[in-house]
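The following blocks contain the structures, represented as structure tokens.
Look for chain A in each of the two complexes below; its partner is chain B in the first and chain C in the second.
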Partner chain A sequence: MTAALLLQSTIIGVSIGSIYILMALGLTLMFGMMHIINFAHGAVYMLGAFVIYYVFFQWGAPYFVAFLLAMVLLGVFGFLVERTVYRPIKGGIEPTLVALLALTTFLQAAGYPVFGQLDKHVPPVFRGTRDILGVMISSERLMIIPVAGVLVVGLYLFINKTRLGAAMRAIEQDKEAAALQGVNVHVVNGLAFAIGFALAAAAGALMAPIFKLDPMMGEQPLLKAFIIIILGGLGSIPGAILGGLMLGLIDSIVATALGAEPAFLLSFVFIIVLLLFKPTGLFGHAP
Partner chain B sequence: MLRRIATPALLVVVLGLAVLVPWLGDYYVHVFALVFINVLLAASLRPSLTCGQLNIGHSAFMCVGAYASALLAKHFAVPFELSLLSGALLATVVGLAVGYPSLRLRGVYFAMVTVAFVEVVRLVAAIWVSLTRGNSGLSGIPKPNLLGMILTTKASQYYLIVFVTVVALVILWKLERSRLGLTWKSIGMADHLAQSLGVNIANYKLLAFMVGCFFAGVAGALYAHFIRFLFPPEFGFLVATNILVYNFVGGRDHFVGPIVGAVFLSLLSEPFRGSAYETIFFSIAMLLTILFLPGGLITLPGKLAGLRWGRAASAPTPSPTG
Partner chain C sequence: MKHPSPLTCVLLFAFVLLVATSPGDADAADVIKFGIATPLSGPAAPWGIPHKNATELIFDEINSQGGLDVGGKKYKLEIVAYDHKYVIAEGVATVNRLIAKDGVKYISVLGGSVVKAVEETVNEGRVLNLPLAYADGLVSPKNPLTFHAFPSPPETTTFWKWIKERHSQIKRVATLSPNDDTGWWSIKVETTYVQKLGYDVVSKEFFERTMTDFNPVLLRILAQKPDIISVLASPAGSVGLIIKQARELGFKGRFIHVGQIDTSVVANIAGKANVEGTWVHGYVQNPLPDKIKSWQARYTKKYGEWNATSIDFANPAFAFVAAVKKAQSLDQKKIAEALQSVEFENLWGKAHFGGKEYYGIGNQILYPMPFSEVKDGVANLVAQLVPPHN
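Moving on to the complex of A and B:
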């Protein structure tokens, strides 16, 4: 592998990693507060991509508008899922997880009759390539990095600088104590669902012009996000960011050298070995 | 008193009906053979679930058992009894290899890792083309034979599946009622308490997991020699979810729960088999059960009886013993 190819794979790896980070952040945020894993995250990613397909490609709205619409629509959907699925289920985490699993398979399967059997394609939004230190990178992939960066910084500021963000951190530390201090736990949990879904929708919307669209397209990013949050430690936001970058690089560099399937197998083996030595991930606290 | 007679009587009736299936025609033989395989898969997940381990990757071990048994029979003409056993043992060994590190994880961590099992096994089956023929699918799997006799008719293969499933269910039932089963249950209810009483929870969880893998491997081998065509995507995430769904829809508080769930859902979804509507149907059944009947279908008669006699529907219903 030449230096130029390595640089190119690295930049593409950061770009893929940015998508993974957007997926993993919502998962880890929701886990931190509610101790659930949102299996529906991959399906939300898929829906985000389909919003781009219909609003941007079919109806001709500007990409920027379609992108925001995807985030808002699926954010509202997330809020409703908290109200109709998460909140009514009693009896521990297990039934909630299975309910979210059922929601996932429902959204995926319903995608076939609703969106059609054939793969969909969205035309490129940012055309052409850019020259970075002598290697050519497609603008489409390059644009993912700043957009994801803005969203990550935005989330960081929201969690650390606003009252609602403080309420989220309070719930993460101690739900009962937060409720006693006047935090409306249900509404703030709903907000976490909304943020998580909106970020997953953003990831899907960013990938829509790059990959083909089909109802199962969220499966791979979801698995990657799982590996990332296990790697980084559940509930840890820095862990999700670092894990996302690492997996993006593994995916890009190993995939360039050996192929996509060995890259996935390698990241899985990596996880199993890590779990042998550090069962709570790199930054995690006890489950 | 009534209950003591009711359970065996029900068993005899169900088995009697199962024996009569071949008189309905080949289509029904096919459908019911798959129902029995689903029953076995659902029941094989139960030991893990009893320990409180949410395994969302059970189809991986079915896949291992199916391919191992099919390849042994196809290339080395290994008799069915032996290839089935080898497939099941290989599934158990694979279960040990992935279960040992991941069973140190509790709750959601474990659930997430099991999702990756499915993908890993499916990918290995898809990439290792020289062994498995990859995504072209493995065909030409021999029909099952028994004591050297080849079972040529679908009906005889169906009886074989029924027989193996019933034997497996009896073993799983005995295990659940044994001291071992009680230990598993205690881990599921309060693992810290069980640990404080001297139970080595890691080993017991691993054992429960491996028992499940063994019987998933048996189910896979039965499937392989009945359908006689294996295709990696068929062992994907959806099959694994369905196995979990059988357990939750049927009910997790009693051994018959997964059996009821598997029979009910497999038969009811039969008109849509293979289409997207099958999954839509499954997921809606799942959501409705969790939201409105958290104990599963097996609690339905108790709830209905409660309504009829004017008791509160939410009153605790005695779980059937038998």
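Moving on to the complex of A and C:
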């Protein structure tokens, strides 16, 4: 592999990794606080992309308005899911998993009659390519990196520098103790759902102009996000960031050097080997 | 009493709706049921939807004239269609359902990997199959009731000879195809053929049908500096992404799909300018002969949106109707015998089943094959070539 090819695949890997991070952050946040795996994350990613399709492409609103709208709408949806799905079944882990799986299946199945059977597309927002040290990278892919970076930093500041963030961390450490200290667990859980859904929607909204859209488009990113949160450590935000970046780079550099199939296999081999030595993942800790 | 949650209500409603609208057992009397197992959703839907619609349109037109005359009795033609999403497990389930529950004796299945997965079921059930699929060994003496109704790579790769004669500057070929029966066979046939013509095959890559980010695999391909990238057997949505991403990475050469894709879907995803110069088999928008113009008008009237893929995907229905007329029987074996000798009209002219010298059985459809080149976003006919075997 030449230096130019390595550089090109590294930049592409960081770009792919940025999307993986956004997907994984929401998942790991919800797991850390409520110990649930949100199977609906892929469907929310898909809905975020379709908000861009309608609001930006069909109705002509500016892209970043549509982007923010996708995050807000799906964030509100997440809050409502906590209220109508998670809370009524009293946070039971298994019933919640089944309910979220049912929600995913319903959203995907409903997608075909609502959005149509044929693949949809969104025109490019940032046209053309950039020459970086002699290699060509699409402007759209480059834009993913700063946008995802802003969202990651924003989430970090929210969790570490605000009272609500402190409440989230308190619930993560000990839900009962947090409640005794006056934290409204239901509201904060709802907020975690909202943030998780909004981040998945942001990932979908960022990818909409790059890939094609269909109701099943969230399945692959969801699978990647699962791999990342196991790799990084369930519930760990730094783990999701590092894991996402590592998987993005493996997907890009290994696939460029050896082919797509070896890269797919290698990501699993890497996780198995890591978990053999560190069963809780990179930043996870034993319960 | 506790009220069920809104989600429970929605799911119950969806279930009731699904049960209420699922195809039940139609009155079997005087009806010929023809099963369709095809992708009506997902990346391959641009193939599956015109497959179903074209069959339905031909049957509806025959029904409106009183039906199909078999042995002095009129029969209505009815399709029973299921969506298999181009997923093997769903394909097996839909074909099992067609045969076991719906009692269908004649089917058309789309998708090489799906057709291969149901090969034994079809043979054991003595079901007549008119698939639209690329799969090694599908047209074979061991599948006497399977009649492949679309030109396959052994026929369509002949277009490379046309390219060799007219575009001698193209020397280095890269191939990129789905990682399944369809892709493997397509690439095997195509690379063997183009190497015989003297081309240098510089890259052979495969991808999972769910893949959307082709950048890494394209970087591998582009490192080999191909003049042309062949995306044989890839669905239109994937081809759109491949072309878009390859152009972003700086590829200036041509693309070829000697399979069948809707270039308007490709152009929507990739951008009109990026698709310029792409060669494709079996998808033509201009010029269309009068017979196809009439088909276009009827198709558009019934389904609203024109899909040129329907032109060649009408073959199973045309072949089936012609063979039943000739056999004057509803017995699958007799219809199969008729298929091996009947000459019938499809939308491009005269067609028949043959290819015994290549496949060992004359069960491959043969007719002058249309090839087009995309110019200004439109697939223009550049050649109609006779198949290399008869």
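Please note the rule applied: the second predicted complex is superposed on the first by the 281 of 287 C-alpha atoms of A that agree within 3 Å, B and C clash if a C-alpha of one lies under 4 Å from a C-alpha of the other, contacts with A are read in each partner's own complex, and residues count from 1 in each chain.
We adopt the following convention: contacts are C-beta pairs under 8 Å (C-beta built on N, C-alpha and C of every residue); 3 or more make two chains touch, one makes a residue touch a chain.
Remember, predicted model here, so these are calculated numbers, not experimental data.
Novice: Once the two structures are overlaid on chain A, check if chain B and chain C clash or fit side by side.
Specialist: clash
Novice: If you stack the two complexes on chain A, which partner ends up touching A:206: first (chain B), second (chain C), both, or neither?
Specialist: After superposition on chain A, A:206 lies in contact with neither partner.
Novice: Taking the superposition as given, does A:103 touch the first partner, chain B, the second, chain C, both, or neither?
Specialist: both
Novice: For A:183 in the superposed arrangement: first (chain B), second (chain C), both or neither?
Specialist: neither
Novice: So, does A:251 touch the first partner chain B, the second partner chain C, both, or neither?
Specialist: second
Novice: Using the superposition on chain A described above, determine whether A:52 touches chain B (first), chain C (second), both, or neither.
Specialist: Touch status of A:52: no partner.
Novice: With the two complexes superposed on chain A, say which partner A:136 touches: chain B (first), chain C (second), both, or neither.
Specialist: In the superposition, A:136 touches chain C alone.
Novice: Considering only touches as defined above, state whether A:261 meets chain B (first), chain C (second), both or neither.
Specialist: Both partners.
Novice: With the two structures laid over each other on chain A, which partner does A:43 touch: chain B (first), chain C (second), both, or neither?
Specialist: Neither partner.
Novice: Between chain B and chain C, whom does A:94 touch in the aligned arrangement: first, second, both, or neither?
Specialist: After superposition on chain A, A:94 lies in contact with chain B alone.
Novice: Between the stretches 55-63, 109-117 or 325-333, which region of chain C is in steric conflict with chain B after the superposition?
Specialist: 109-117
Novice: What residues on chain A does chain C touch that chain B touches too?
Specialist: Correct list for chain A: 85, 88, 99, 102-103, 106, 109-110, 112, 219, 261, 264.
Novice: How about chain B: which of its residues touch chain A in the complex?
Specialist: Residue list for chain B touching chain A: 52, 54, 56, 98, 101-102, 104-109, 111-113, 115-116, 119-120, 123-124, 126-127, 237-238, 241, 244-245, 248, 276-280, 282-284, 286-287, 290-291, 294.
Novice: Please output the residues of chain C touching chain A within their complex, sorted ascending.
Specialist: Counting only chain C, the residues touching chain A are 5-7, 10-11, 14, 40-43, 45-46, 49, 179, 205-208, 210-213, 215-217, 219-220, 223, 236-237, 240-241, 245, 248-250, 265, 268-269, 271.
Novice: What does chain A use to touch chain B in their complex?
Specialist: 31, 35-37, 85, 88-91, 93-95, 97-99, 101-106, 108-113, 219, 223, 226-227, 229-230, 234, 261-262, 264-265, 268, 271-273, 275-276, 279, 287
Novice: State the interface residues of chain A toward chain C in the complex, per the touch definition above.
Specialist: Contacts found on chain A: 2, 5, 8-9, 12, 16, 84-85, 88, 99, 102-103, 106, 109-110, 112, 117-119, 121, 123-124, 129, 136-138, 141, 211-212, 214-217, 219-220, 251-253, 255-257, 259-261, 263-264.
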